[in-house]
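For reference, chains read A, B, C and D in written order, and residue numbers begin at 1 within each chain.
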């Protein structure tokens, strides 16, 4: 009976979206750690940064979201990829 | 509350990568994951329910209904420093690879005694 | 509700529809190139009309949104081109029965 | 064995972190410092964005240290990779003509976006670090898109030094006018205008140029390193 009383309020949608984003964050972090292909692992860290930037926006921190989007998603990934090009791609 | 759990989980995953993984790039990835978890934790501490962003962009916004700006300024600093740390660590990794032709930390043994 | 808001609502609905079509296409399409065609063309149009619709709903932001639309129209095709080229270079070939691969022929002509 | 030990340690640390943060209420109170900054930021500093006024004005000394750390990182990276410069030997390196033209067309727009972000740092979200990073991303697009492109390191170092000197001089001017280091000496202006907030826009523009030059130098140094196996 309690379940029937729930209505689809914006508050509930907001909380559900936050929960899904946090779950995806943890999943992307685990993915980037267990993946043997280092290129995929770097894509995983980039995904972590992207979700983190959306979460900062939800937490009313637009400055931090902009910084994370510019530094975490773009530049850190680029530096990782350059370093991967100079070394080996697969983890033994 | 769920923010705290998720950020602590991300920090622990990064710590696991630093402790267990043998590949140097994986270790740097773990360091950057620990950074990310700390940033989320700090910003989540400063959050206030029903608050707005700490920018007085329109008339009528009052200081009472704003989230805490101090953790955001701290995290802003921390992200930039994290980028610097990552860049220097990856430069070290490139140098080690040129010297030893491997990224496996078990095979890099010239500094052990 | 004036005419600008209605135009903006129509444009944002159109953009959301195209973004949804792009997402369905990425799931549904069989190989890399067709997937990329769904994921870049449809989302380019979707994002452009979505942002332009927001510009119509808030007329103070119209100039900035037009600039963003121009930037998306410049940058998104270039990035998808680079992506497709990198995929072709790294050995992913189209999954089709006829095996028409004009890009490979072009490359060989360039090199000779 | 090692994994088991690591899992045990992680459980230990996780439990204590959780108990430490279980007492911190989520989304309720505000620290006194933050409250004070929020109340005094518009009358004291003239900046509308509170985060910017904390980063540049209340904790300007901190930002000077941060910029120094970035400079040290760029210098150290150059020192670590010293002597590894050479021609990249990849055969797939050559960019297509679409990419070259697109990079040339996109670079001014990206620099414009970065400059917009760090000039409006005290009004809208963003600031010197973000704008500088966006400019460095534009330089990365140039490096990827144009085959024979190399960043002019002399120009970059001149830009970076001038920006650093501007920051320090803006601080010392406060001392010269009988106030503290990095204290505001210019009129505050109307909050919400571009030309307001005293020395905050000047410092943030300097920080933007400095960060952009440093990160572009870092990217160019990393890109022009050889693979290391000869």
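The definition used in the following text is that contacts are C-beta pairs under 8 Å (C-beta built on N, C-alpha and C of every residue); 3 or more make two chains touch, one makes a residue touch a chain.
Computed from a predicted structure; not experimentally measured.
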| message | Applying the touch definition from the top, give me the chains sitting in contact with each of chain A and chain B. | response | D
| Whole-Å distance, chain B centre to chain D centre, using C-alpha means? | 16
| query | What is the distance, in whole Å, between the centres of chain A and chain D, each centre taken as the mean of its C-alpha atoms? | reply | 21
| note | Taking each chain's mean CA coordinate, chain C and chain D are separated, in whole Å, by 31
| remark: In chain B, the residues touching two or more other chains are 3, 9, 16, 44, 46-47, 53-55, 72, 76, 79-80, 83, 87, 90-91, 94, 97
| request: Pull out every residue in chain D that's touching 2 or more other chains. | output: 49, 51, 125, 127, 129, 215, 218, 222, 225-228
| Viewed as a graph of touching chains, is the assembly arranged as a line, ring, star, complete set, or other? | other
| note | Checked against the stated definition, the touching pairs are A-B, A-D, B-D, C-D
| chain D partner contacts - residues on chain C that touch it in the complex | 71, 74-75, 78, 81-82, 85, 89
| query | In the complex formed with chain B, which residues of chain A make contact? | reply | 18-19, 22-23, 25-26, 29-30, 32-33, 38, 41-42, 45, 48-49, 52, 55-56, 59-64, 67-68, 71-72, 75-76, 79-80, 82-84, 86-88, 91-92
| task | In the complex, go through chain D and note every residue touching chain B. | result | 2-3, 6-7, 9-10, 13-14, 17-18, 21-22, 24, 26-28, 30-31, 33-35, 37-39, 41-42, 48-51, 54-55, 59, 62-63, 66, 69-70, 72-73, 76-77, 80-81, 84, 123-125, 127, 129, 191, 211, 215, 218, 222, 225-229
| request: Would you pull the chain A residues touching chain D in the complex into a rising list? | output: 62-63, 65-67, 70-71, 74-75, 78-79, 82-83, 85-87
| message | Considering only the defined contacts, which chain B positions touch chain A in the complex? | response | 2-3, 6, 9-10, 13-14, 16-17, 21-23, 25-26, 28-30, 32-33, 36, 39-40, 43-44, 46-47, 51-55, 67, 72, 75-76, 79-80, 82-83, 86-87, 90-91, 93-94, 97, 102-104
